[in-house]
């Protein structure tokens, strides 16, 4: 539950900017991939030594360095020094689960976002920190895991499809954020489907485990909001010309991402309203049902208690009880009981107790 | 329920600006209508080939191209290219259920809104995306469905009634938004009537199905708010001179639409407050009624339990029970029971248990 | 309940600015009164033909035209044309229950507010739209009803008491808004008294009808807020020099009205908090009382059930039950039952069940 | 309860600026005290005729006129005319329970605040309006009651202790507001203590009267907030150089008052959160306790009902019931009942019903 | 509970700026430590006479004076005079539990924050006021307690590790605030763990003491928020160049602290949402369980009441009851009861009452 609070105690007392990896995810190895491209040119390789990407720094073509796996802080440190990153930037990259944000420096912009996945087995959001450094003509991206999330993007660059090869490094960064925001929609879609299932369950077979489930979704939506809300601010700043590294023609695209982010937040809020409404309906209907049961049981008891009393009366041992002597006494008593029972039933019906 | 979350997963991985139709509504065919008018001139035709409307582009008269049906993305693409629309604009047109918004470009303004209808059978809002591109002297409008929503407006242009023929393209766009906002009032009116009915039902025959209905209206009002709230922003920007395509004399009219939008939001909020209040009243009154029933039943049981005890006492088989021998024992016992019962009843009455 | 949603459907499809009267209130006839005054001069008459007020338009003295009754849209149209009012202004005048607002035009300012009355019989707010057009040296005011609301003001002008005859048309408009805001205080006072009565009832004789009453007041306070809140904005704009028609010496007075408006909103909010608190107390105390009753009943039943069991035991027909033979068997059994009953009572008391 | 809504109806229809005293507090007589001081000079007297303070107006030393008792509007009017106060200022002084605010005029600043006292007997806040007019070298303060609230301050001036004699009229006004805000802390302290007591009562002996008490404190905190919140704005404006009558060296002190005001609001909010939390705990624990009682009672009844049934079986009058004939029939039946009772008890225990 | 309301009453009536120690914490003695350092130089000593630190004031190296223990106001006064602190600053230092804030003066900036510790025994936050005065080349810090909180920092300076010795006094102040904010994360971590434990307890063994615990955490989170929220503002002002004493190269670091503060607030809010959710789950599940118990008990009673009635019927003493004479009457009656009992059980099962 408190997965969003990382162990920060091991960092306390250290000098600010000290590199320590903080995070739950530990990739098997660190994969470093370099792609370099211009309008008519594309080069791509996987490297193991970070120095190999240095020559690309000076080239005027767009260079994309993608690092998957953050547990080896030496690599982050090395690349940080090579590209002149501020110690605090390197710390933020290694110390995962940062709040999404943007920091502008003289030579680059630094952006942190959260990549989200919805684990349908556990009904849980999985978050992975995605940090990106955007320079004049390079983009360095950091992921916690070795993933294929950006393979379609890479493929698009490789094939030269669309406008990506004609645009600069800022468009590459935009394309990555766009892909991440698209994932948010998929997450919402999945949660939406689950919520719909839940809603049907609510009608067909409401059980106590529903409560836990509803609360779980509420929690995940809080979590989602926490990850997406600050991104709104970041994208808005970028789009409104808040950074010198964003060209004007990319702004339109960032405006589009901004609109999508707003839509994600809107939808998440609406889902939360709906889930809260479901909670109310659930609680009301559970208590309604229970009350109905109690009412029915009480009605049954209430009908038999007076009848038992009548039986009790004729069970008394008084010597002189004339009714007991009559031949028709017994059937008459039974009939009387029947009449009393039926009358009570009818009265309850007329009063809508049943 | 999650109808407001569109399948976006089929778009993931595609280049931004790729045209894919996303939406539930698929019109039977695509209807393209062109109207061209000046102060003393009116021309109108339905075309099938989008190229036919190109000549109107250069004319100084106001041209209104209305496209009903968005599933054929080729048409959107063609018209987009002809009128120089940005790829993202075309994407937003095809990818329905966008959040209402306004984007200004060099040659045109692009506005997205939601047309709303209240389906009284299902007690549900139906939304349809309405996109409009406003240029110097043309308006291109896109609807998901083939509808007659703008027929009165078209009729007004045709007959040259009112001021519409004397005003520019911006006034035409205004007139369309005005018609859409007028529809919101009709939606509110209908919801209002239904809520009023519900309120009467609440008093006359409160049943468990009311809970579901109340929640349904709450949900629809959340949905309405989600559709209208962002429009407020858009209209406000337009009215305050946020676009070069809006002439000053049209601003007054946009201010009027703005006031109406605020009023819609206000009224929707008030309706929501009222519906929430109804929920509270409903829950209280249901639980009140149930408790009353339980109390009554318990009172009945509580009166008969001591009486049964008395009967039980005289049903004991002790050899020496003097009362049993008396001739008046039985009537005395019955009388005693009556007295006890009546006393209890009176006591309960005095304590206001009944 | 949904009285605040006017039938707007009959307007749908009409050209904007078309004059149609929308509203519940229909005055018996239309009363038009004209007053014209300067520092040492006063003239007043009731006219039937709107043309009669035209000569006053050019006079440098302050002219106040007061129109009571809006159902005859011809009159609004005529006066609108004479004084050069925008079609949308005329529409807003005729189409009542507009949101309070201010629109500035070249030749005049247009202000809409709601006059409120609290109907103590029905515990309901009654709203009436009050529109006023303030020009260089004239004020045209429109009311839905023929009322004497402004008679004290008229009297003050007539007698030349106070500063009103020395000030311009803007002060006249201010005086009218001030009177309307004063009425809000009276409404609050009345609601406050009713709420106080309710609070006493809550303590002395809480009944289920209180719930409905409390909710009713909550609703009326929502309604009041909806009417007053936007006025705050309007007065604030006027006071801060937002209009060329307001002289600086009148600003101080508008600041005063502004303070009063804030106070009205504040008080309404506090009343709402109090009413909400009453609701909580009511629900708690009702359920508390009911629970107490149920507890008492259950205690009674619980005491008699074991006693009945004992009686049942001695009512068994076993041949060999030694106790039954003893002469003191019966009184002993009765005494035993008494002891059991008393012990249970004491135990319940010690456990604070009673 | 609605003590914060003053009778304003008696003012309706009067010209704005008409002096009428509105308020609950009526001092026995009107006390007017004048103090005049410079760095090395101090003079003080109580006057009965307001004219006596006129000569001080022109003196360059600081003059403090303190008027206790507002019911005699003639005095306010006279001093108002002497010092050139705006009619609306005089109206605000006489018409108590104004919202705290600040109005700047050419020759003076006018400030209204609420002095608060916590009446520990009635657990109620008592408010008194404090108005102050700050001119170039004079301060006129108005209180509703004859009080000794400012005696320590007066003593400080008299003795020339601290910096007060070296500072101007603005510092005097600051010192008064500071004293008033200090009182808010005392009020909070007292409410805090009461709330702490309540919290202990909640644990030791929760009773239905607690509910009323908790709600009472909630109400008083709403009331406190209403009185303090607008003061924040006023002090903030003064401190940020919003008035020409505040010297820069006094600004630091006003910043201090501002911080205190924020702290008062903060603490009041926190107290409200705590009181709300207590309400939840109270309601939960009351209902918990009640449910426990009901459960216990039901357990008792449930154990005896089957036993009574068994006794009933052996009380049947069938001719051939073999058990009845056995010598050990009766003890066996009793033993059987015992076993059934014990087994049920154990089962309930194992299920944690007890 | 009301520990956050300090006794301020003893200060009422005193001149503003009068030094009185207000606070719960009283250190054993006052420890004054002075450290003086430049890039290649470090000096450190503990002094008893405050005058000893005066010579450092004029040195261009960074001087850090750390005072632990605030109960001796003379020391604060002396140092305040030596370094030219404003009387209100000295008052704020001595009067603990101030709201975090920043005040800029001509010669120094004054910052107040709260150091927080989570006492795991009592599940309570402990707050200690930390005040710091930042001048051109000196930092004076005040703590309520003698603590080793800044020992790692001191160690870092002593050893000349990291960049601290190369930076100015502003960086030292930053380092201290950074350490304090790091502590907030540790507090959150501990609360998070406790909340997680609570969540497990909620599932495994929900008891009434959980309610109190949950409310306790809610309260502590309110308290935390109250301490951290205003710090956000302070750091934001510093970082955005709000003070002349902050060098630009330190700004980046302050931005980092700012991000951390936001993250603390975010996490605290999320924790509060989670705790609130737990409260709902707790209340629902407790009431659910109780209702289930009541239902089961009622089912048992309801089954036996009709059976007892049947037994009662055959216990009646009518002379002519044919069944009683039959040899198989008794077993038949028992069998009939069994059938009735089983049928009721089955019916209850089919209705899901069990």
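Note that the chains take the letters A, B, C, D and E in the order they are written out, and that residue 1 is the start of every chain.
Definition applied: a residue touches a chain if its C-beta (ideal position, glycine included) is under 8 Å from a C-beta of that chain, and two chains touch if they have at least 3 such contacts.
In this text, all values refer to a predicted model and were calculated from it rather than measured experimentally.
A.B. asks: When you check each chain against chain A and chain E, which touch both of them?
C.D. replies: none
A.B. asks: I want to confirm something about chain D and chain E. Since they are copies of the same sequence, is their interface symmetric in residue numbering (over half shared, so same) or not (under half, so different)?
C.D. replies: different
A.B. asks: As a quick test, compute the distance in whole Å between the mean CA positions of chain B and chain E.
C.D. replies: 42
A.B. asks: Take the average of all CA coordinates in chain C, do the same for chain D, and state the distance between these two points in whole angstrom.
C.D. replies: 26
A.B. asks: Going by the touch rule set out above, which residues of chain C reach two or more other chains?
C.D. replies: If we look for residues of chain C contacting two or more partner chains, we find 287, 294, 298, 301, 305, 308, 312, 315-317, 321.
A.B. asks: Once you've mapped the touching chain pairs, tell me: line, ring, star, complete or other?
C.D. replies: Contact pattern: a closed ring, each chain touching exactly two others.
A.B. asks: If contacts are counted as defined earlier, which sequence of chains do you get going round the ring from chain A via chain E?
C.D. replies: Cyclic order starting at chain A, direction chain E: A, E, D, C, B.
A.B. asks: Which stretch or stretches of chain E touch chain A in the complex?
C.D. replies: 152-153, 156, 161-164, 175, 178-179, 182-183, 185-186, 188-189, 192-193, 195-196, 199, 252-253, 255-256, 259, 262-263, 266-267, 270-271, 273-274, 277, 280-281, 284-285, 287-288, 291, 294-295, 298-299, 301-302, 305-306, 308-309, 312-313, 315-321, 351, 353
A.B. asks: Mind pulling up the chain C residues that touch chain B in the complex?
C.D. replies: Contacts found on chain C: 1-2, 4-5, 7-9, 11-18, 86, 88, 92, 98-99, 101, 103, 105, 208, 211-212, 215, 218-219, 222-223, 226, 230, 279, 283, 286-287, 290, 293-294, 296-298, 300-301, 304-305, 307-308, 311-312, 314-317, 321, 323-327, 329-330, 333-334, 337.
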